[in-house]
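I've put the structures underneath this note.
First chain A sits with chain B, and in the next complex the same chain sits with chain C.
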Partner chain A sequence: MTNLSKQEALVQYAAQIGDNGLIIGHRMSEWCFRAPSIEMEMALMNCALDLIGQARELYTYAAKLDGTGKTEDDFAYLRDEKDFRNLLLAEVPNGDWGDTIVRLFFMSAYNKLFFTALTKSTDEELAAIGAKSLKEVTYHLRFSSEWLIRLGDGTDESHERVQKSINDLWAYTGELFTMTDGEKMLLEEGIAVDTAALKPEWDQIVTDVLTQATLSRPENKWAHKGGKAEGIHTESFGYIIADMQFMQRRYPGCSW
Partner chain B sequence: MYGDTSIQKPIKIAEPTSEEQARLEELFQQKIDDNIKIEPQEWMPDAYRKTLVRQMSQHAHSEVIGMQPEGNWLTRAPSLRRKVILLAKIQDEGGHGLYIYAAAETLGTSRAEMIEQLQSGKAKYSSIFNYPALTWADMGTIGWLVDGAAITNQVALSRGSYGPYSRAMIRICKEESFHQRQGYELLLTLSKGTKEQKEMLQESVNRFWWPSLMMFGPNDADSPHSAQSLKWKIKKKSNDQLRQEFIDATVPQAEFLGITLPDPDLKWNEERGHYDYGEIDWEEFGNVIKGNGPCNKQRIAAHVKAHEDGAWVREAAAAYAEKQQNKDVA
Partner chain C sequence: MTNLSKQEALVQYAAQIGDNGLIIGHRMSEWCFRAPSIEMEMALMNCALDLIGQARELYTYAAKLDGTGKTEDDFAYLRDEKDFRNLLLAEVPNGDWGDTIVRLFFMSAYNKLFFTALTKSTDEELAAIGAKSLKEVTYHLRFSSEWLIRLGDGTDESHERVQKSINDLWAYTGELFTMTDGEKMLLEEGIAVDTAALKPEWDQIVTDVLTQATLSRPENKWAHKGGKAEGIHTESFGYIIADMQFMQRRYPGCSW
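For the complex of A and B:
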């Protein structure tokens, strides 16, 4: 098992949930002035605001637990690539509108189940963050499901394109249900969510929406892993960090 | 959506005789003089309608194109707090764009037509957005000076004669003044920071000061549409009046930031009760409007690219909506 203390495991746990929000939120913010319509752009900006807002709360909590005077910004701007423990699904590049919607859908279906379970955490702060986030991700799930159905059951072109997005991103969904050693330790305390147990319900949501969208579910069982457990990311991740941390790295110690 | 907004054109009625026309115009002007708002279904002179569509679509386009220079810094915002503030601001601007497009549509021009005119270069947007956002300080300067200049204009517009536009302005002004305060607060933070942060602040203001003054348009003597617009209360104050108001309000704020404004002729005139200021470079202004600004081509190209890249998505949404409608009928 892990050598982490419970305290360290908890700091890492809060930060890793926050990493998912920050990184996917960052990706969505890259859609600014690139979306197919102003309405869609505003919806994505809205999701980005929610997700980065979740990251801020989780980082602030992690900083408090850490107790060495860190702030939310230390987590976002001063950690290296390997310290980020987000799911790979959160970081893969945006691709086209279909890829973005599919990613948001897979992630939001997971987030809805995850935050529902987190509201029952014995850690009151995490439970409260879970309750607030749940409302937001429930909307993200609705928004992305509606778009998935529109694209799947829209034109031949959109059907083909979004099916490809599903096939391409499918291999990143296996990691959602893995557990790190730290999570297993916190699960015993009733703090962490048993992510492995979320899979049947996630499968159900995905199957239902894909059916409605006239899309098929890939058979491929291979899963890319490594972001969450080891901080081993995709090649694209370094550019997110380079972009995001540029100011803090170039002008260290400043107040903004 | 950019492309899917179809609206009903006003029903054509028999052309009034010249006598009736004169009478209608007289009644119309009377309403304006009595400060009664003009509403979409009412008779209005063609030129009034055209002027408003031109002005409102230009305003909506400015909101939408204005998202580009700010979006350029979204992924590089130096703190999470600043990142969400910037996201929310850009989101507000998209909302303003939508709101004004909708108000302009009440005059019988569809959003799709307005977008087409923007992309073909027939419709303009505020030339300030043809200047690049090069540093983080620009995010503050744009809020302080650009939104500040916009508010000076829009407060006047909120008392304009066309109902839907003036009501839109009231709401938009509230959000804009919030943006302006946030921009100023960003700059205030830089002004209290390191030497490099202070330099970043000064350099940014140096670049944006003159283009911000140009936002009020040509001098009154050279403003082709002004006189009629004032008479119709589409405009409530002249370009030069508004520019002066803006300068008078802004100079003390610059002093508080501990920065200089790049105009050696800028000084308080006790007799006038206003600041005097130097001559604006109208040649630059004309060139940026003509398309020779640093970012004109990139701004339109980015808009066109988003529009074209998104065509299959809008088509899918339309096809899906049609299928649903057919199901409902069946």
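For the complex of A and C:
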């Protein structure tokens, strides 16, 4: 199925989980100084820092496994667009506050189930990262759920707008439950999470919160994919890495 | 007044005129695939290409004068934020269509007067670039004036919104008529344009078009400055060069 060795698959697996955190964390950091209130600014930036922190641990582990002297910075700053294997949901532009909340809600519901499962990985390092991350993403899910209920069950305008956010982002949720060949190989070893198996529980979380929020769940139709399997990104991704990597590209090897 | 040699001042002068074209041209190119109609897309992209073309000629001349083997690409892709000496008006974000039209209108009215004067420069190369550019910016002024009249003398909403664009961008017009020490030195040689002297005629063009557009002229109050004199830019400038220079920073020396 895949030409990757187990070690290569594991490097890629750790990096791709890190990519989700780095990219959605970077997107959320774009709200810095722009959030609707100072409390929400702090809450959102804390979530962003959690996610970027997860990426750092995962990249550090990937670098160790890689064994060619790389560091976490090589993964964040010196890879090209196609090397990033995040879920496309992580990279979609912030849009308005409702779009950002819905994106975080979909991702956090997934992350909670994903990291719960990862704690049972036979790879002890991944299991430990899963346990630490789980506490963080559980808070992200609570934060984003509360906001989704507040917006959905709020004014006519907030309801209408956040319903549109859900409809717009729905097509990015299908990819969450796909599996790459590398993941399937690692699943057989008890290392990787069976993401396809997370769907029923994710559906349940989403349905429960949408119901409380008086919002409708869109039908499953066509879904975007290609991010985690192939590194094929949406149009705006290049701008994320241009922004994120510019300093390191301009001053190679720079440090604080 | 300045420690620059005449040659250094001339390199900087050619580059700073080029910077205006490159930066506003880059901003306008951000509209690509997003303009309100295909005709406007083509018109705006043609203006952008004219301005970027002017930058290329000016950078090529600056590189020749510099005499250290640089090319136009060094000026566009390998300088840092503080080296760019464009007028701040050129770099302000696109905003809506009205903001983009007003920015182009203010800049084109200035460019028309500036390049007309530059044709009389004692530096033959600059005089020739001035003559070629003049035809282009004359069209830009006509295009943006017509749109300004259409928006100002259009619906209540277009009138109100474009008036806001004018009010918002007005504070960036004061810098157009400032002069750097380098410019003053070159003015004494008959090389540089006396930009301070362009103001009455610029005022006249602006007042005439605003009157036709049924729009009000804001009062002159505080004005932004620091772009052309010191390379101190607005917050969004770093993102322009991260975007514009990324490919060259990622693949140094790359060519098509």
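As a convention for this text, the second predicted complex is superposed on the first by the 255 of 256 C-alpha atoms of A that agree within 3 Å, B and C clash if a C-alpha of one lies under 4 Å from a C-alpha of the other, contacts with A are read in each partner's own complex, and residues count from 1 in each chain.
Note that in this section contacts are C-beta pairs under 8 Å (C-beta built on N, C-alpha and C of every residue); 3 or more make two chains touch, one makes a residue touch a chain.
Note that the structure is predicted; figures quoted are calculated from it, not measured.
J.: Determine, under the contact definition given at the top, whether A:Leu58 touches first (chain B), second (chain C), both, or neither.
T.: Neither: A:Leu58 stays clear of chain B and chain C.
J.: Where does A:Leu134 make contact in the superposed view: on chain B (first), on chain C (second), on both, or on neither?
T.: The answer is neither, since A:Leu134 touches no partner chain.
J.: What is the contact status of A:Phe246 with respect to chain B (first) and chain C (second): first, second, both, or neither?
T.: In the superposed model, A:Phe246 contacts both chain B and chain C.
J.: Report for A:Glu39: first if it touches chain B alone, second if chain C alone, otherwise both or neither.
T.: first
J.: Could you look at A:Ala9 and tell me whether it touches chain B, chain C, both or neither (first, second, both, neither)?
T.: After superposing on A, A:Ala9 lies clear of both chain B and chain C.
J.: More residues of chain A are touched by which partner: chain B or chain C?
T.: On the superposition, B touches more of the residues of chain A.
J.: Once chain A of both complexes is superposed, is A:Ala76 in touch with chain B (first), chain C (second), both, or neither?
T.: first
J.: Would you please give the residues of chain A that touch chain B in one complex and also touch chain C in the other complex?
T.: 243, 246
J.: Which of the residues in chain A come into contact with chain B in the complex?
T.: That would be residues 22, 26, 29-30, 32-42, 45-46, 48-49, 52-53, 55-56, 59, 72-73, 76-77, 96-98, 149-151, 153-155, 157-158, 161, 240, 243-244, 246-248, 251, 254-256 of chain A.
J.: Tell me, which parts of chain B touch chain A in their complex?
T.: 1-4, 64, 67-68, 70-71, 74-84, 87-88, 90-91, 94-95, 97-98, 136, 186, 189, 192-194, 196-197, 302-303, 305-307, 309-317, 319-320, 323
J.: Could you please specify the touching residues of chain C with respect to chain A in the complex?
T.: Checking each residue of chain C against chain A gives 80, 238-239, 241-243, 245-246, 249-250.
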